[in-house]
Amino acid sequence: MAKRELTSAELTLLKRAAREVRHGMVVNLGIGLPQFLPEHLPADTDVTFHSENGFVGMGEGNPEGTPDSDVIDAGGRACRVVPGAAFFDSLTSFAIVRGGNLDLAVLGAFEVSVSGDLANWKIPGKLTPGMGGGMELAQKANHVLVISHHLDKRGRGKLVPQCSLPLTAPACVGTLITERAVFRRVDGRMQLASVHPDFDRESALEGIDADVPSAENLEPWEDKS
Amino acid sequence: MLDRVTTVENAVAGYVRSGQTLMVGGFGRGGVPFTTLHLIANHADKYRDLTLIKNDANEPGIGIDLLLKQGQVKKLIATHIGLNPEFIRQMNDGEVECELIPQGIFAEKIRAGGAGIPAIMTDIGLGTEVAQGKATYELDGKTLLIEPCMRGDVALVCADIADKAGNAWWCGSNRNMCVVMGTACKRVIVEAKQIVETGRLKAEDIHLPSVFVDAVVPAGPLPHRGN
Amino acid sequence: MAKRELTSAELTLLKRAAREVRHGMVVNLGIGLPQFLPEHLPADTDVTFHSENGFVGMGEGNPEGTPDSDVIDAGGRACRVVPGAAFFDSLTSFAIVRGGNLDLAVLGAFEVSVSGDLANWKIPGKLTPGMGGGMELAQKANHVLVISHHLDKRGRGKLVPQCSLPLTAPACVGTLITERAVFRRVDGRMQLASVHPDFDRESALEGIDADVPSAENLEPWEDKS
Amino acid sequence: MLDRVTTVENAVAGYVRSGQTLMVGGFGRGGVPFTTLHLIANHADKYRDLTLIKNDANEPGIGIDLLLKQGQVKKLIATHIGLNPEFIRQMNDGEVECELIPQGIFAEKIRAGGAGIPAIMTDIGLGTEVAQGKATYELDGKTLLIEPCMRGDVALVCADIADKAGNAWWCGSNRNMCVVMGTACKRVIVEAKQIVETGRLKAEDIHLPSVFVDAVVPAGPLPHRGN
């Protein structure tokens, strides 16, 4: 869907994230890493992709397209649609999101707090592109899955005690998946839910300057099959 | 895309329960899910205490009148019931509760429910009995009525064409309240006069996208036409 | 458009009402007498008729139609559409009305007060059909024209000091046309604007138990042409 | 139906004035009225102090960026400006005022303006800086933001097909904000890639009915494509 070489860490977290997507779901993919998710889904998983600029049934990227093509995704890239796709306007697009018909939003993040707050739209003075549809996706998708590298360039984990950046939405992240671990919000608090076989609990919490409890029973990383 | 085609029996048994709020499409006869309503009327013991949200009360003997006259309905929320004198009598005798809402606001309250808008403000009905008892808000020096959104448990609508995934299209004036009701309920049953392969409807021309729809069922003959 | 024999009084008031309709207008016709208006318009007047159940570009009645036809008007009668007609749902239909895109609503009335209040939807205990779209049409059309017999069956005029019936909308009627006279709301008060040549001012005010001023210059009843 | 076809010169000269609020369609490049914007940019002296309501700020060198860089715009109301780093600089330097609104609420505020709804209530943005300074209302124990409607003087949109009366249809993802903007302004100029005889569009499939439209003008070649 998107064009660039993925690192092995990215491949790892994308494969794990693909396991969160269930047959029949309506899914919105944020710009960036989430756009690589479709190629990691099992072939028999029927997922309907929502593009907030105005359609459901988004298919593959259109290599013959240009930014002037009649079908572009929310990031401005030409793409295709699958049979059964429907085009609509921005009203219907966000009615789907706010009305509870978007099963899953897969988003990137600058910070996720231990209470599930998400900051991914603004770095004051540095990055001020506007929230676009991000606040609604974060606040209203039935489940919000954040995928991200475990550590940022300065070695800090994405999971923080409290977001220092402006929030996209409070208490919205249901699941955070990195190349090392899966965290899930349970009773309003993120907890460690699964650890990649190459890591132990300690390294799954590396760079996280907060008290993160572990689930009573960790989920296996890989499918049993 | 999922294949959402099933029988009306399965769809109703799967989603409809006594005590629910049902939104029912139609204005006059166009858009009315006659087949689905007929089935619900044929199981009057099973589906009771319903709240119906429908533009009108149909004419005597067809559509929701079947449910009304059998006592399956505790409340009807509508805009105009003038074509059903029998229901007007029921209402005036207190047999069935009826709430009347101006037609465009009726549609807007449903849209708000579907679009995740908890309430809208409007001046429609100010200075009339419609405003009585309603909460108000002063905006820029003007008094406005606060109209909370409406949502339902199940939407029952009749489309002219649906594809197997549930994308739906309406002919002429049949669309009326059907699309907006299809956005505002937990479950949506689209009764379709014609069911086509997924992908056959032009993607730009779809009126109700499949992501809102749970079941597509074939519309039967119109009971009141005797065919 | 509608089928019944019109009385000569009805023909008179319809012909006069037709003069209020201007080229290019978007017009909604209430059920009943207003539905006979189109046949009295000059052939070169391009008017777009709005039907609140979901379209603009309403044409003639469809004699081959039934109440089960795919195109019915708001009264349930089968009708045709003209080239350029557009079908939509109830939301768009009333967005047109409330948003200021309906130039003229032609309505019937039980009562019109001297301040332009309209009562035409309910007679408590007798007639309780619901307001349908009537309140929005009355309150939000850019101009509301009421057409009506001058006197009711008991010899009372439509114009009353104060409506005794539940209001459809307050201070909404711009023009009232009967077979005897035209009344217009000026500075919040209905005044006599034109008198049919067969009547004098006194009979133009017959049955009206209220002080109704006359315009400084009465309009001619007929077109000059 | 009226024939509303005219030249872009006539339409702009007839309806657009300095100091107005213009709603401009488009998300990315689809739906952007490049021809109309180009004309307005070519008369930078004539059209100034504009408030633009547009989803995004286009890319540098095309669309509304032409107006932004020439100082014709005093304020932009948008949802996302990430593709125009030059405008971000203008905004951060205080050269142009910019108000950012969550995308769906941006659309809803415009819809409310077009549909005669003075305000809506929403929970979108609660707990974020979007909520700062906004009026709130308690509904059923929940705090909601009050979002007043937005209206404009003139809407400029680009449709794929329009008929001579002004009925318009959009291809693919080009529709975005165009339809709703076309309902919310005193005047509406539809720039169309193709203009057909009135009656050629299927009446059920029209996205923006002609009653909202004041002028239909032919879209020229895309300036940024060099054709």
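Letters are used for the chains, namely A, B, C and D, taken in the order the chains are written, and counting of residues starts over at 1 for each.
The rule is simple: a contact is a pair of C-beta atoms (placed from the backbone, for glycine too) under 8 Å apart; a residue touches a chain by one contact, two chains touch by 3 or more.
Note that the structure is a prediction, hence the values are computed from the model and not measured.
Chains making contact with chain A as well as with chain D: B. The centroid of the Cα atoms in chain B and the matching centroid in chain D are 33 Å apart. Spacing of chain A relative to chain B, judged by their CA centroids, is 35 angstrom.
Distance between chain A and chain C, defined via averaged C-alpha coordinates, is recorded as 56 Å. Annotation for chain A: residues touching 2 or more other chains are 55, 87-88, 91, 94-95, 97-98, 140. Residues of chain B in contact with at least two other chains: 108, 111, 115-117, 123, 170-172, 175, 203-204, 207. Interface note: chains touch in the pairs A-B, A-D, B-C, B-D, C-D. Touching chain D in their complex are the following residues of chain B: 108, 112, 115-123, 137, 139-140, 142, 144, 146, 148, 169-172, 175, 202-205, 207. Chain B contributes residues 1-2, 111, 113-117, 163, 165, 167, 183-184, 198-199, 203-204, 206, 209-212 to its touches with chain A in the complex. Interface of chain B with chain C (complex): residues 27-30, 55-56, 78-83, 88, 91-92, 100, 102-108, 111, 123-130, 160, 170-180, 207, 222, 225.
Contact residues on chain C toward chain D in their complex (touch as defined above): 24, 26, 46, 48, 50, 55-57, 81-88, 91-92, 94-101, 140. Put simply, chain C touches chain B in their complex at residues 51-55, 67-74, 76, 81, 87-91, 93-95, 97-98, 125, 128-136, 139-140, 166-171.
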